[in-house]
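Two complexes come next, and they have one chain in common, chain A, joined by chain B in the first and chain C in the second.
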Partner chain A sequence: MSNQRQASSASQVPHLSPAELSYLYTSLSLPKNPIRPDGRSPTQFRPLSAETNILPGTNGSARIGFADGTQAIVGVKASVEKTILAADTLDSRSLAQHGDALNREGEEGSAAVSGQGEWVQMSIEIPGYRDDDALPVFLGEMMRESLVGSVAGGSEEVKEMAGGLKGRLVINKRWHWRLYIDVLLLSQPLAYPLPLLSLTTHLALLSTKLPKLKSTGEEDPFFDDDWAVAEYLYPRSNKQSSPSDAPTYPVRPPVTLLVIAVGENVIFDPNREEIAVADAVLAISITRSSDSENMKLLSIRSIDPPSRLTQPGIPNSENVNMLGGPPASSNQSGGQEEVGGVWRPRRGGVQRSVITRMIKTVLQKGGVGEEVIQGLEGVKVE
Partner chain B sequence: MPLDTSTTYPLTKLRLDGRRWNELRLLQAQISTNPASSGSSYLSMGNTSIMCSVHGPAEGRRGDGGSAGSGHAVVEVDVNVAGFAGVERKRRAGGSDRQSTRIATTLRSTFQSHLHTYLYPHSTISIHISVLSADGSLLAAAINACTLALVDAGIPMPGLLCGCTAGMSGSASTPRDPRHDELDPLLDLSLPEEQELPSLTVATTTVVPVGENNMDEDEETMKVSVLSMESKVHATYLETMLAVGIDGCSQIRELLADVIKGSRR
Partner chain C sequence: MADRRRINGPPAGTRPPVYASLKESKTGVSERTLRQRQPTELRKFYLKTGMIPTASGSSYLEFAPSAALAAARSNPKSLIPPSSALKVACTVHGPKPLPRSVPFSPNLLLTTHVKFAPFAARKRKGHVRDTTERDLGVHLETALRGAIIAERWPKSGLDITLTIVEAEDDRWWGDAPDSHDASWGMLNVLAGCITAASAAIADAHIDCLDLVSGGVAALVSDDASTAPRLVLDVDPAEHRSIQSACVVAYMPARDEITELWLKGDSSRAALEKSDGRTGHEALIDGAVDAARGANTILTDAVRESIARSFAQV
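The block that comes next holds the complex of A and B.
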């Protein structure tokens, strides 16, 4: 296990021989139609089961289980906290301005207050890892940054979400909500757990409710104790035609997808073996932009591909055991060139055209991003 | 409005959540919840809910030293109380707190002696427990969840090990007066009760029928296998609490047995 902890951002390297890696790489990089070990198409996700609101003690919660047995549970808790005002507001001149602003707010509402990213806290528990190990911290930060970074387009119906999630957490000038998102992975990560955790967090946030505010303006916050009237963190529109329809959300939390490039091919939701031969691993965060039906790209992060750490294969021409002696061409034994069917650890780097294709596949109409969001819409969030 | 058991209970004879003294909370359980492990279970007692998964018996990790040469399987327990389990979100600085360490230690010694570990020399049985929601009787619920997961994993044991908590409806710091008994024992305490009242956790198992009583099926003999108490109580009350706790354990045993039978396909 200590070795696993050493592997920083990449997931553990499965124990595959160079020959196996080479075989896998070749079949995944077949031009046009890669052959995946589990027979999925390049854009197909693993089947999963999901449920929401499973924990009565949280503001929102969700569970997602993949068919291979990896499960994650996310619980969201919120608490009210006093906003620490920036030092310049204590300055007398800005206090006067502050008063002006207060007067104006009578008509405008407190749209002027902006939220802070630190109000969302994320912690990830993975069995076998401490929660300050590199993997949980990196995963947590990666999901948090797209969460607090997503800002809704300023359309009318999502007034509450002006300024994104950060803005939603503002109660008034002096008080705000603090959101704790705790992610629990219930089994050893069989693959890089990012997509699982991100989808679960997405559902948990959709089911998150905050108590209804009874106080107004700059009063100390005071809440309705009836949980039935509590408001959703991510507001839903009331345009449903029938109660059986799934509610629609003008704003949705972001989803982070894991995409790998193998040769010219772009492959979604890779399993552990597929990641091990990837040329590049990207985490792409998307959300549906509110004013249009299009997907919006929030962030792209590259992840250290574990294929870098694999052992290289030795071609027959260089293998001492095959020839009984050092070959004549041993001056080239630096192993720099590719020999067909012999595994070379990937050295990273990916072509621009491949990255473009990755993003296009995610964002285009009817693309993977839309498919994922639609799939998540199918999960009924009570 | 006073909301503690010690003030309202004598008046109403009902506890905070409306139960009588001898009533268990709703117990729901499932086994084989996680296909990625050898055995797994989900158990909820009232608002306490726990997920448990068992891996193994498997070859012990190398470099563990002590376990390598032994003729018994080694039980490892890892307890993780989720940040959102309590009422307030708990922040823990990198790792486990005292409560989860204590539960893990108790469980380890309990199951190390309870399971037939001699059948699996040089191996490790690792149990992972996630507390999703904590509302009292954590140790008892964890014992029950472990038992279910171990049954699911097919690890032999002499009988189901079932845990339950029992307490008294007052502080019970003075000797008990048999003629004027004003305190009732309570079964299966919730978190508010556990915090203000003396309580103990007891776990029992059935004794394997041996010798002459071999065929004596109807008389179930129980064996106390775990007894843990962290609060103060006058010794005269202990017997009552134990009796109630053991009775609760046998009720839980039936519920768990039903779960196991029900999930068989």
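The block that comes next holds the complex of A and C.
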């Protein structure tokens, strides 16, 4: 019950003493070179192992495990569904021609239809949480929002992805694919599971195949039985120099990164202890924009830093045990001034300049976003 | 198993038919209402505290209907109302002791419930909270927790309940659902919820660092040829497409943001040449400006609430 009450905060209330929190905060906020508990550099990610296409019953799947034992599996399933076109959703042009529209159906290309965000469904299962708890719902909405929101630029090369993932799901005017993305966290959520789930979803979507369409135009969809000719959901470019090279993707699904600010420092992929002392936590979704090599921002959400829920430390001047008598000021919440080495829960929000710096670290050329995408490009997806 | 003994109405409600002739007038101009405000001009809203006597704090917020909506109500031309105006009621219960089953907490525990009335949106909402409502609740909690001085109430809880009586539209209702596909109206709803909840918390006399208010800014493009431009306090029904939008919860006295939610592609914003900001920075700054505007009304409402409580003493 208590877990569920707190579920929406970045994870549960951290079980660290005020002294530990203060030590962590001091070492993470050292100007210029923060010292992380596991010795990583501020922009370094945890080592991970990844594999794709592990579930034969799905259209695409992936597993990622971090070295600390947290693992996630994502399965992507697709089904064909009839597009519901109520009278009020037809545009007036087609309504005006309604009389002869029926027999002239299919003259206009299906490109006129753009997809709907509802066609992508996401469910997240985290052990210890009900599926309607705040944390899974929040994580699911966060990842879905950037997935359906990423619309490729006007590059000619990838015609299928013109409308982003939504556009890819359109078969013709009357039929579309519905995508079910099921995310399963296999271990207890040791840290805030967002980076793990986002990376796993990314790989699963890259490995997703849809059966090849045999019918054309506005016919009822009819697919090729041969799974070997199935097409990738995210198309690959076939200009490979050698077969050993990893295929390149003109469009990639977005990645959501977890970024925290501690003091002046910006730290990526925080573990549980680091996120417990963060001043600000942001989830930033990025993708490589298709028309240029730059990173493109898709969404930002602030996450409640768990440091607001921690217990404050008591300075020696107010401590009964140190004085041997009642403390001088009985008003314990009155002592608001910062005492060095004594933990105070964070209060208030975050300055705009800090947010700007966090985003810039992700987006800039040669920044962390580029590094992550390059790292993911190194993963070979069968 | 469907209920076959009674004749039930359709579960999702019905809408009146829309004829092509209604959507495009004789002159060829669609009936879509366009924004008449300046890009930096905010909508007026009404905010009053202490409307619900049984709660320890309460507030009611209502946006003024747009000129087009007012005109359509007095002189209806179409069966589709052109837009809707946000109406939110907020109640605060507490601080109250936590139940025995909850372990010790040195801080005030916040619970936020956002619930749409079944009739709030164009599509009927069920009685069980759905994902968007829970999602809004988490956003709201993040926004408020940063402002409340939680350690002054150890072992206690605070319940904040928001009822959306009328929600913002995600798009102009004459448009096809895919043309404008994202829940842009939710951002406005969240901004309204933040402002209303802040007033209700102040009405319940709970210590805060500052009054936190919500503001929305968006990059909109009304025709495909021009680059999207920045507008504050966007009404999604007034624009052909919204590229990107951002909502912040902002505390003016500390110049701090407690909640930030930005979505959409902000890279192609049309900013002035001298403006060195990128699209997302301009969006965040715009949303902060909108929040500052909302804060003036919020301050007046809270001042009223305090005057009333002094009068009662």
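What we mean here is this: the second predicted complex is superposed on the first by the 345 of 382 C-alpha atoms of A that agree within 3 Å, B and C clash if a C-alpha of one lies under 4 Å from a C-alpha of the other, contacts with A are read in each partner's own complex, and residues count from 1 in each chain.
We take it that contacts are C-beta pairs under 8 Å (C-beta built on N, C-alpha and C of every residue); 3 or more make two chains touch, one makes a residue touch a chain.
All of these numbers come straight from a predicted model, not from anything done at the bench.
K.L.:
So, A:Gly349: does it touch chain B (first), chain C (second), both, or neither?
P.N.:
Only chain C is touched by A:Gly349; chain B is not.
K.L.:
With the two structures laid over each other on chain A, which partner does A:Leu297 touch: chain B (first), chain C (second), both, or neither?
P.N.:
Once the two structures are laid over each other on A, A:Leu297 reaches chain C alone.
K.L.:
Could you say whether A:Ser114 touches chain B, chain C, both of them, or neither, answering first, second, both or neither?
P.N.:
second
K.L.:
Could you say whether A:Val80 touches chain B, chain C, both of them, or neither, answering first, second, both or neither?
P.N.:
After superposition on chain A, A:Val80 lies in contact with neither partner.
K.L.:
Between chain B and chain C, which makes contact with more of the residues in chain A?
P.N.:
C
K.L.:
Contacts for A:Asp132 in the overlay, against chain B (first) and chain C (second): which applies, first, second, both or neither?
P.N.:
After superposition on chain A, A:Asp132 lies in contact with both partners, chain B and chain C.
K.L.:
Just checking: does A:Gln71 make contact with chain B only, chain C only, both, or neither of them? Give me first, second, both or neither.
P.N.:
Touch partner of A:Gln71: chain B, not chain C.
K.L.:
According to the stated criteria, A:Ala230 is in contact with first (chain B), second (chain C), both, or neither; which is it?
P.N.:
neither
K.L.:
I'd like to check the shared interface: which positions of chain A are touched by both chain B and chain C across the two complexes?
P.N.:
1, 132
K.L.:
What part of chain C is in contact with chain A in the complex they form?
P.N.:
Contact set of chain C toward chain A: 15, 17-20, 23-24, 101-103, 105-107, 109, 111, 129, 131-132, 134-135, 137-139, 141-142, 145-147, 149-152, 173-174, 176-179, 181-182, 209, 249-251, 254-267, 280-281, 284-285, 288.
K.L.:
Using the touch definition from the top, list the residues of chain A that touch chain C in their complex.
P.N.:
Touching chain C from chain A are residues 1-2, 5-6, 8-9, 13, 86-92, 95-96, 98, 113-117, 132, 134, 137-138, 140-141, 145-146, 148-151, 166, 282, 289, 296-304, 308-312, 333, 345, 347-352, 355-356, 359.
K.L.:
If we count contacts the way the header does, which residues on chain A are in touch with chain B in the complex?
P.N.:
1, 54-58, 61, 65, 67-71, 73, 75-77, 79, 123, 125, 127, 130-132, 180, 182, 184, 186-188, 190
K.L.:
Could you pull out which chain B residues touch chain A in their complex?
P.N.:
Touching chain A from chain B are residues 34-37, 47, 49, 51, 53, 61, 78, 80, 82-89, 92, 94-95, 128, 130, 132-133, 135.
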